[in-house]
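Everything on this sheet refers to the single structure shown next.
Just so it is clear, A, B, C and D label the chains in written order, and each chain counts residues from 1 on its own.
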Amino acid sequence: MQVVVLKKDDTIIKIKNVVIGGNEVSVIAGPCSVESEEQIMIIAELVNKSGVKILRGGAFKPRSSPYSFQGLGEEGLRLLRKAADEFGLLVITEVLENSMIDLVYKYTDIFQVGARNMQNYSLLKELGSAKKPVMLKRGLSATVEDWLMSAEYILSNGNSEVFLCERGIRTFETYTRNTFDISAIPVVHKRSHLPVFADPSVATGLRDKVIPMARAAVAAGADGLMVEVHHDPEKALSDGPQALLPHQFEEMMQQIRLIASVIGRTM
Amino acid sequence: MQVVVLKKDDTIIKIKNVVIGGNEVSVIAGPCSVESEEQIMIIAELVNKSGVKILRGGAFKPRSSPYSFQGLGEEGLRLLRKAADEFGLLVITEVLENSMIDLVYKYTDIFQVGARNMQNYSLLKELGSAKKPVMLKRGLSATVEDWLMSAEYILSNGNSEVFLCERGIRTFETYTRNTFDISAIPVVHKRSHLPVFADPSVATGLRDKVIPMARAAVAAGADGLMVEVHHDPEKALSDGPQALLPHQFEEMMQQIRLIASVIGRTM
Amino acid sequence: MQVVVLKKDDTIIKIKNVVIGGNEVSVIAGPCSVESEEQIMIIAELVNKSGVKILRGGAFKPRSSPYSFQGLGEEGLRLLRKAADEFGLLVITEVLENSMIDLVYKYTDIFQVGARNMQNYSLLKELGSAKKPVMLKRGLSATVEDWLMSAEYILSNGNSEVFLCERGIRTFETYTRNTFDISAIPVVHKRSHLPVFADPSVATGLRDKVIPMARAAVAAGADGLMVEVHHDPEKALSDGPQALLPHQFEEMMQQIRLIASVIGRTM
Amino acid sequence: MQVVVLKKDDTIIKIKNVVIGGNEVSVIAGPCSVESEEQIMIIAELVNKSGVKILRGGAFKPRSSPYSFQGLGEEGLRLLRKAADEFGLLVITEVLENSMIDLVYKYTDIFQVGARNMQNYSLLKELGSAKKPVMLKRGLSATVEDWLMSAEYILSNGNSEVFLCERGIRTFETYTRNTFDISAIPVVHKRSHLPVFADPSVATGLRDKVIPMARAAVAAGADGLMVEVHHDPEKALSDGPQALLPHQFEEMMQQIRLIASVIGRTM
């Protein structure tokens, strides 16, 4: 069954052996923050076993409160790269500001721009001349239109390797941390040529909602997922309550693989 | 694969040969409004062919403007019943006010309470003593908590056959008519014992978003869908732009059947 | 200084010696619910002393939970009328459903339609043929456009004595119960000919925010305020935390009288 | 009449002869963007005549689309300073990124952090060691709590001269550009010791709503206003439709002066 209609000029990004966009569904997984060498090695190994090819992990964390854990800094980047290399994975990590681009460039394969920076135009422009792909998360209160215009800041400055990531918007409903706007996935596909991922961990903030929402996002046509996993979330230094446990992550991978195949996607 | 965990006391509603809740995924389909005998007969026939067992259609329409088409009234109810009987279908239709309960009771199998009436407590209380099941749609700006408390108005007045329907909430995003809060599906399953449906037609307001969002809702664990279908939506008297065409509806049914089976549900 | 520009056809409602709209700023005050004869007498006396001409008080309360206090019913209406007559005040009270219109009519001078009923079109239509003025509160997630169309249901059914009341909309901000959309006041004045009041008690849900927000609403051009007052809010059966204490109410009246005169309004 | 209760440790900022906070209500006015020497001189002269002591004007403009006018850059800063000096005014202007701090420092008296940068923590931290006051605008979807925590990033890095500015939040209501959350003013006063301004121009996006909303903000206890003014808004390169005309600005100043005095504030 042919479900997803590719447009002639749809953006497909190739990084080593990984394809973002097109008919492929990709999964990015890892901890919220890099916390130690042991932690990132354990998690890299487990996500690799489930077939993941891109490892996530924050080294510089933007936190609402200045008194929360802010990340390991460059040491976090180094550990993330080391773990990824050990298991043949790509790295994605967040870049928070212009002065950090060169540093992050040395360690990452994909730059992540977080929700809070979606309209940091100066950062977007500079990433337009960076020579690596960029994943642009949707802002907390950004319309799809705002989001696509922010992507345009990167594209129009020369970097065509951009993909998006829906991560929930802020509404009056507070049971989930954000409201996961899954409809934005087919909307982006209609309005643009960019691949669009979805992050059910940040969108819901609740571990037991991640699997059903991961299935829903893939069923809606997402080109990939970003998911937080932790082998010991009780001890995680940030966002433990939304991280999948290893066996749940394995279960999620099995389920979305089946859903992807139902709608004619490969994974 | 066992995905949906039924709790011991989960509500299961049986109406003739139809089961709402439990392991079953059910589809309610039909036009937004009943417009004529010919129209409702054609649509009843086509949804029946795709395996639908519950026919929808509005006879009394709540419209934002007093100058919009308000429905055929009792004649609409009569035609809806006639078409359903012709094809062995159940009927669901909206009841707008207390004084209408007896009239609607004569023609329907399931009472629908619309989003605008979700906090019409007087109506809810009276439906608590009606002897037929009630589907309670979520209000435009109701939290899941508000919604469950409204259901409690019906339950606590004696009617235990209640199920819910997520149909989108109002947010700042205006590309889709509402924001389809698919996360509410697992939230309701966690917080209550009531089955929960989802309405991708009203939630998105856009025909080409209905199929992916129907898939997403089923993938997230919805116990059923409510979908608008029309054989000639250009001429529909209300909400034509969100009605699926017959071949699209057929396609949707095939896809959600596969998704349902992936997560261990029957349909 | 002439600030408020009256349009030629602006609606002005006269009820006995009270004027709603035009150059006048009016205050409606009283308890959330009528609780006892003693309570409503005390409060009627104190609001009357501060110059209020319209007494509020709920007899039938719409509550999110079926287990909360639901009001004294007709006895509440009777006590409200008695207290108002004692001090020469008009009465405003909420009508929840069509079947209640005749009953409420006997006791009230003005029908109040609450936020949850703003799109109860059947109720609105019937109030279109009631022979008393109607105050229509804004729905929790109603745009100004929706609100004006709801008013149109009353107007187009023959009752031209309609005025509106802004009472806060639902947003992501949860510090205040709702977000008081004061901008809606000049928007309504521009888009329609109807007077518009504002309710800072319900909008904020916080006693200590009522006075500054009352001042702000009058400064923005509101034609009146609806405010909750209680002589013993600790013991109030509903919404005590948002009721002004008697001395605060007195202070509010003094302040808004000054603000009204600054913008050329009489009170 | 004593209305505003100053807490012992309320922040009061003194810059030359200007006081921010305390009993004072201050007005910041000027064009959205600096466009030419002639333009900024005309506007500086006219706001000065009305008693304004702080001149605003954007030199680097963050715009949703990369194809919109982005400001004059350093030349804009130079012209803004020149105009301010000509009329003895202070300068406030926006700083968009860390690398721009030194440049902006040379020309401004107060750094403005815009809504899109409210959670640009790296920028906030660096402004914590800048030796000039900072005005922090509220993010489009920031709760008051988020906003105060962002202020804490500046304060905890050593700069105690911080004040806030409410400028509207994003909600479902689209008649006004944003929803002006005036209640946030007393909420901030209760929750913190920082002065809070309000920007009715950006909040409403509509010229004819600026005066009533300016009055409302002052009546609610705002410590000041930021307002856009233009002598020829039809030709403005950005946001012309929300700029007050000179005679309207004059009218606004008269009205808020009266309102300020009603609530015991000086201006």
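Quick note on the criterion: contacts are C-beta pairs under 8 Å (C-beta built on N, C-alpha and C of every residue); 3 or more make two chains touch, one makes a residue touch a chain.
These numbers come from a predicted model, not from an experiment.
> When contacts are scored as defined above, which chain pair ends up with more C-beta pairs, A-C or B-C?
Answer by contact count: B-C.
> Calculate how many whole Å lie between the centre of chain B and the centre of chain C, each centre taken as the average of the chain's C-alpha atoms.
36
> Hey, how far is the Cα centre of chain A from the one of chain C, in Å?
So the centre of chain A lies 49 Å away from the centre of chain C.
> Taking each residue of chain A in turn, which ones touch at least two of the other chains?
141, 170-172, 174
> Assign the assembly's chain-to-chain touch graph to one of these shapes: line, ring, star, complete, other.
Contact map by chain: complete.
> Give the list of chain B residues in touch with chain D in this complex.
Against chain D, chain B makes touches at 170-172, 174.
> For a test of understanding, state which residues of chain A touch chain D in their complex under the given definition.
Counting only chain A, the residues touching chain D are 62-67, 96-100, 116-117, 119-123, 125, 139-141, 146, 149-150, 152-153, 156-157, 170.
> Quick one: which bits of chain B touch chain A in the complex? Just the residue numbers, please.
Checking each residue of chain B against chain A gives 1, 3, 141, 143-145, 169, 171-176, 179-187, 190-191, 203-204, 208-209, 212-213, 215-221, 254-255, 258-259, 262-263.
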